[in-house]
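Scrolling down, you'll hit the structures one after another.
Heads up, the next two complexes both have chain A, just with different partners, chain B and then chain C.
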Partner chain A sequence: MIGARTLRREDPRLLTGRGSYLADHDVPGLCHIALWRSPVAHARIRSIDTAAAAALPGVVAVLTQADLDAAGARPMTHLLPIPGVQPLAWGVLAQEVVRFVGEPLVAVVAASRAIAEDAVDVLVVDYDELPPVVDVHAALEFGAPLLYPEWGTNEFLHLDYATDGLDDALARAPHVRTERFESHRIAALPLEGHGAQASFDPATGTLTVLASQQQPHQLRTVIAEVCSLSEGEVRVIAPDMGGGFGNKQHFTREECLVALLARITGRPVRWSQDRGEGLTASIHSRPQVHDATFGYDDDGRVLALSVRVVSDLGNPVLYFSGVGPSLVTVGALCGGYAIEHHGWSLSCVATTTCPVGGYRGFGQPQSHLTTERVMDLVAADLGIDPAEVRRRNLLPDAPRPFIAHGGARIDVGPLGPQLDQLLDSFQYDAWRERQRAMRDAGRYVGIGLSTLVQGTAPTQYGVAGRGGSYETAIVSVLPDGNVTVAVGSKSQGQSHETVLAQIAAEMLGTTVDRVVVRDGDTALLPNGMGTWGSRTAVMAGGAVRVAAGRVRDKMTAIAAHMGGAPTLEAVAAEAWWHAHRLPAGIEPGLSATVCYTPGRTIPIPDAAGHTSFDETFGSHMTAVAVEVCPATGDVSVLDALLVSDCGVVINPMVVEGQHQGGFAQGLGAVLYEEVRYSDDGQPQCTTLADYTIPTAIEVPRLRVVHRETHSGTEGGFRGVGEAAITAAPAALAGAVADALAPLGVTITSTRLHAHHLRALLRAAGVEPDPAAFAIA
Partner chain B sequence: MKPAPFEYVRATQLGDALAALASDDDAKVIAGGQSLVPLMALRLARPALLVDVNDLPLDTVEVANNEVRLGSLVRHVRLERDAVVVRAAPLLAEAAALIGYPAIRNRGTLGGSVAHADPAAELPAALVALDGVVLAEGREGTRRISARDFFEGFLTTVLAPDELVVGVQVPVAAERHGASFREWAPRAGDFAVAGVAVVIELDAGGVCVSLGAAACGVGSTPVDLHEVLTDAGVLGASDVGDSLLRSTAQAAARTARGDDDREQLVGLLTAAALHDAFARARGGDASGTGVAA
Partner chain C sequence: MKHRVKFEVNGEAAEIEAEPRETLLDVVRERFGLTGAHAGCEHGACGACTVLVDGAAVRSCLLFAVQCEGRSVQTIEAFGTPAALHPMQEAFRTHHALQCGFCTPAMVLTAIDMLAHSPNATETEIRAALAGNLCRCTGYAGIVDAVCSLAGREPVDS
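What follows is the complex of A and B.
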């Protein structure tokens, strides 16, 4: 069962159009919400005239934050347990000042979304424009316009870290170099946008909220707070989800707004994000600039790495905002390398752009880009093969856990053998030969490497102030011997109905088709933490395994008491129907509720000042070969291979799907996607014609090779979902840099889009020959 | 992303369609809807009245008097695949295949693309290269407008508000005809950042005796490259060697003046399309890389 390529049990439903997503939940009398969103980057609101909008037939209500305040709405906050963070609370709607194009100011509830949009059209909002703050470095300059004048700066958070002796180590290093690496802004863009629908039952005082949300239980807590209800009065249901990718782990203003409006209007209401809102007024991700100073010796050993990270938060009115990913970035800058001296500074900066937040990878693609580019530059500078430079810097095979800077307990398997396996499986030496031959023929081929060591199943405490590190599961064997599993994790497409059933079936000695997995409903379980951070296999998988084990132990005791070799069905019937025959001290029924934690994190600094945020680590090594057309800048992936170690593999097909999907997103980020703003803060990507994501045509196959180093968590699992999306940008940047090095082009950012490469090539004086292009 | 309110009428007679168009200053024709509907959903277009012409008998392909006459309701997918179009107007077939995705090509129409006049669109540039004629029907009768005169600016044409494009007309491809449409877009199916159409005709001795060319994505209308290629010496040439490809590319690139990236692309694409067109006109490809149309 564990390790089998069990076909996805959710596929017959999802692939035949029988999934039930947020907008598939029409109810009688359902009203729809549209929002007046700021058309300018920064403005002070003078007046709002809602009369014409409210008078349109079909309009139920037009509300501003003042109306929500009058109805008792409470503000939202970050819950960041970090000293020095600037004070910030915000309303569900903006009030007085808007600070990005798309910030919601007025909500319309109407009989249809079209009518609601008609009403938004006739709202009259009078405002005085304020100066925009778009560029993150300009935002830090003295005299820059301030988003929140009370801070006296646009810097929302500043943190520093350095090992003792960092400066000396850099001063003593035989070679020192400083380079800038930039990760550009992108959008996660789940196929199904964000959305929520709520109805309030005055008879029971219960608010039911459907939300396309990765953490339904924690959304329950936030909505209860904003609406002044108790958690028992709020039920959150997350139906089938068309992707989440970390974007839907944030608790958004709109979700809280829907809950408030259901209470205020007494009508069932829905807000279903459209693509324009999704691209401009939802959640962006990744924008960071790293200035890395690194010292290394003649053998290519990196002795010291110091990185200044400037992280653009947009307007940080988003639960944990871009700060969460930024904290992960600075914790992961050394990656899987043993670098003796290390330091970083982190500036998290507010700008008048869309809030920045989580996206699969959560700060790691940025750190990994820097780490891997450093290795490549050291290799290029010294004339040593980049694979060899990596080998010389990888974490030693012992001890385990390896205690990283800051205290992270890295528990991966031996990395040298994994690198050997990568080079062997990819036929690295043969690719280097081919690269030379193709270069001689005027073709620009490059090879990129990534040796990712990645924390998985993190505690939420350091980022969000509460939540910790656990997951809840209820495993029940029903009277007829069939099994139900309820979990607090929430599938957004990750195959949980399959893999959690595999775990339960294996533990209970039954078959997968007799197990039903349910998630996404706060009525199923008292609490849960949802799905994010590559945590579900480790945390929910662990919880299911422990719970199923308890049920199995009880069944074993009952079976022994029954005598003979009773079937599972017979034991189940005995447990539920024949309580009088059970052994002494055994309760009737076959159900176990488990709140599982591996207990391996250190969320609050210990006596040594250490923190460790991840329950376990995965190691994933990737090689890609690309060809770059120097005339058009087109990048073609010739081969891509990933050697994956996520501990015990529950279902290899699912792991391969995770890697393929992550690779598609990582490749899309660097070759096709970019969120752009004009200098005055106008978003330049408002439709999918401007924000170009790769289609099936553009996404090459990623070959996956499995290794299994058991983790010390229940079942031996490690997280896997964020590996390839983290590896791909770094590996592709390395490959493109390698391909174009003979032409004098240097790659310092994730902008590997054809038009950016053409500009870099032109800047390097490369003039393509039209005749050669025509004949090629 | 819901359109503003509008009225809708579905015409079954050409006269009804023209009357409906004349009845409202803010009337718009809808055929395939592949450009108009997204603009309406974004509320960038707010027609008061939509005149649906899908029921008019304009899905026609006819060859007569050495001309191909195509009705305005011919869908891109038909341009792409219709055996008559592929043989008689291979440039249109190639251009149509570059438009969007199959779902878009199944709905989008020739007349819609021409009337919409998106400067990045393939079919307007192909029509200019072919020196085609746009047939516009108004209440005073039919106007025959040269494609070279039809496009006025970004999304604007010489079409009167109460006129309807009913078809286009292009010359039938001669025996030693070579056509090529090359473009660069970030992804397959995207709007081209730049595209170049070249069509030539060789005489029995292999000398180029006729040519047309146009670029899309470069200006506010399709850019006619006929003169540029003629001046570069393509007309009268019997071969396109490296130096002619380079000089023609350089001359064509200048039409994208002020935009380094488009200059580069137009140059490259002109050379590529010219090379392809010669190879195809010869009925094969001397270098072995071309595809016979």
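What follows is the complex of A and C.
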């Protein structure tokens, strides 16, 4: 069962259109919300005239933050518990100042979304424009326009870290180089946009919120806080979700707004994000600039790595904002390499752009780009093969855990053999020969590598100051012998109904089709942490395994008492129907509730000053071969292979699907996608015609090879979902750099789009094809 | 002002009063409760709203309901049930061609339409035909495999 390619239990309903997503929950009297969003990047509001909007037939209410305040709304905060972070709280709607195009200022509730939008069109908002600040470095300059003048700066957070002797090590290193690496702004873009729907039952005082949300229990807490309700009065249900990818991990203004409006109007209300809102006013991700200085010896060993990270937060009015991913970035800069001396500074900066937050990978693609580019540049400088440079720098095979800078307990399997397996499976040497032959024939072919060591199943304590690292599960064997599993994690497409059923079925000795998995409802369980951070297999899988094990042990005791070899159905009937016959001291029923933690994180510094945020690590090594057309800048992937070690593989089909999908997103990010702003802060990507995600034509097949190094957590699982999206940008950047090296082009950013490559080629003196030049 | 529209939905005669600005997507979802057609962009770019009109795959967000007079509309709900999947749905399941499932009904309908016209399509043709339907989860490999299997093709790049 564990390890089988079990077909998915969720598929039949999703394939036949019977999935039930947020907008599929019409109820009688449902009203819809549309928002007046700022058309300018920075402005002080002078007045809002709602009269014409309120007078439109079908309009139920037109509200500003003043109305929400009057109804008892409480402010939202970023919850970041980090010393030195600037103070910041905000209303569910903006009030005096708007700080990005798309910031919501007025809410309209109407009988239909169309009427609500009509009403938004006739709102009259008078404002004085303030100067925008879009570029993150400009925002740090003296005299820059300030988003929050009370801070006296746009820097929201600054942190530093360095090992003793870092400067000396850099000074003494035989070779030292400094480079700037940049990750550009993108959007996660789940195909189903965000959304929420709420209804308030005055009879019971219960507020029920449907939300396309990765962490329903945590949203319950936030909504209770913002709406001045007790947690028992709020039920959050996350129905089927059309993707999440971190975009639906944050607790948004709109979710809280829907909850407030249901209470204020007494009507069921829905907000369904449209694609324009999704691209401009939801969450962006990744924008960081790294200035890396690295020292290395003649053998290619990196002796010291110092990185200054500048992270663009947009307007940080978002739970944990871009700070959360940035903290992960600086913690992962050495990746899977043993680099003796290390330091970083982190500057998180507010700009008048859409809030920046999580996207699958969560800060790791940026650190991984830097780490892997460093290895490639060292290799190029010294004329050593990049695979060999990596081998010389990888973490030693022992001890485990390897204690990284800052204290992270890295528990991966031996990396040298995994690298061997990658080179062998990819036929690296053959590819190098083919590359030489193709180069001789005038073709620009490159090979890129990624040796990713990735923290998975992290504690949330570091960014929320509460919660931590656990998951809750209830496993029950029902009187007829069928099994139910309830978990606090929430699937957005990751196949939880199947893989968690595989775990329960294996533990209980039954079949997967007799197990029903339910998630995404705060009424199922007291608390849960949701799905993010590649955590569900480790945390929810672990919880299900422990709970099922307890039920199994009880069944074993009852069966022994019954005598013979009773079937599971007979034991279940005995436990629920014939309680008087149970052995002494055994409670009736077959159900176990478990709040599981592996207990391996260190969320606040211990006596040694160590923190460790991940329960376990995965190791994933990737090789890609690409060809770049120097005339057009087009990149074609010729081959891609990933050697995956996520510990015990529950369902290889699902793991391969996670890697293929993550690879497509990582490839899309560097070849096709970029969120762009004009200098005055106007978003340039407002439709899917401007923000182009890859189609079936552009995405190549990723070959996946499995290896299994058991983790020390329950069941031996390691997280996997964020591996390929983290590996792809670094591997592709390495491959494109390798392809274009003969032309004197250096790659230092994730911008590998054709037009960017054409610009680099021209700057290197390559005459592009005239037709391509025309469209540059 | 509302307009009377007579058409056929999943084999049954239907008659509605529609506002000029109501799209076919609005109508199948809100009037007929056929929520297998999804709003992914409402501007013709993602394909998640695909339905068949007179047997051909169209984007229901780009078609006004009033344009459907006299036409026959089929949604995913007319193809297979959870207990008895259509062969294309069965192939999708076998090849792990879906994760969140939001793109899936539209992808299935597009694939059915495509194979109806070219039953022995090559992988390249299949990829081109599916390129109007975006999927953010799967990276398309399983989808391509599923359609190739019904076209009697081994995916060449696997």
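In the analysis below, the second predicted complex is superposed on the first by the 767 of 776 C-alpha atoms of A that agree within 3 Å, B and C clash if a C-alpha of one lies under 4 Å from a C-alpha of the other, contacts with A are read in each partner's own complex, and residues count from 1 in each chain.
Just so we're on the same page, contacts are C-beta pairs under 8 Å (C-beta built on N, C-alpha and C of every residue); 3 or more make two chains touch, one makes a residue touch a chain.
Given the structure is predicted, the values throughout are model-derived calculations rather than measurements.
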| item | value |
| --- | --- |
| Touched partner set for A:672, first chain B, second chain C, both or neither | first |
| Chain B versus chain C as contact partner of A:495, first or second or both or neither | second |
| Partner chain in contact with A:654 - chain B first, chain C second, else both or neither | second |
| Partner chain in contact with A:689 - chain B first, chain C second, else both or neither | both |
| Contacts of A:361 with chain B and chain C, given as first, second, both or neither | neither |
| First, second, both or neither for A:275, with chain B first and chain C second | both |
| Of chain B and chain C, the chain that contacts the larger number of chain A residues | C |
| Partner chain in contact with A:697 - chain B first, chain C second, else both or neither | both |
| Contacts of A:114 with chain B and chain C, given as first, second, both or neither | both |
| Partner chain(s) touched by A:14 [first = chain B, second = chain C, both, neither] | second |
| Chain A positions touched by chain B in one structure and by chain C in the second | 114, 274-275, 687, 689, 695, 697 |
| Residues on chain A engaged by chain C in the complex (per definition of touch) | 7-8, 10-21, 23-24, 26, 114, 189-193, 240-243, 245, 272, 274-275, 492-495, 653-654, 656-657, 660-665, 687-689, 693, 695-697, 699-702 |
| Chain A partner contacts - residues on chain C that touch it in the complex | 21, 29-30, 33-43, 45-46, 48, 75-77, 79-83, 85, 89, 92-94, 96, 98-105, 108, 126-128, 130-144, 155, 157-158 |
| Chain A to chain B touching residues, read off their complex | 112-114, 117-118, 121, 274-276, 631-632, 672, 686-687, 689, 692, 694-695, 697-698, 753-755, 758-759, 762, 768-771, 773-776 |
| Chain A partner contacts - residues on chain B that touch it in the complex | 1-5, 38, 42-43, 184, 186-191, 193, 241-243, 245-246, 249-250, 260-261, 264-265, 267-268, 270-272, 274-276, 287, 289 |
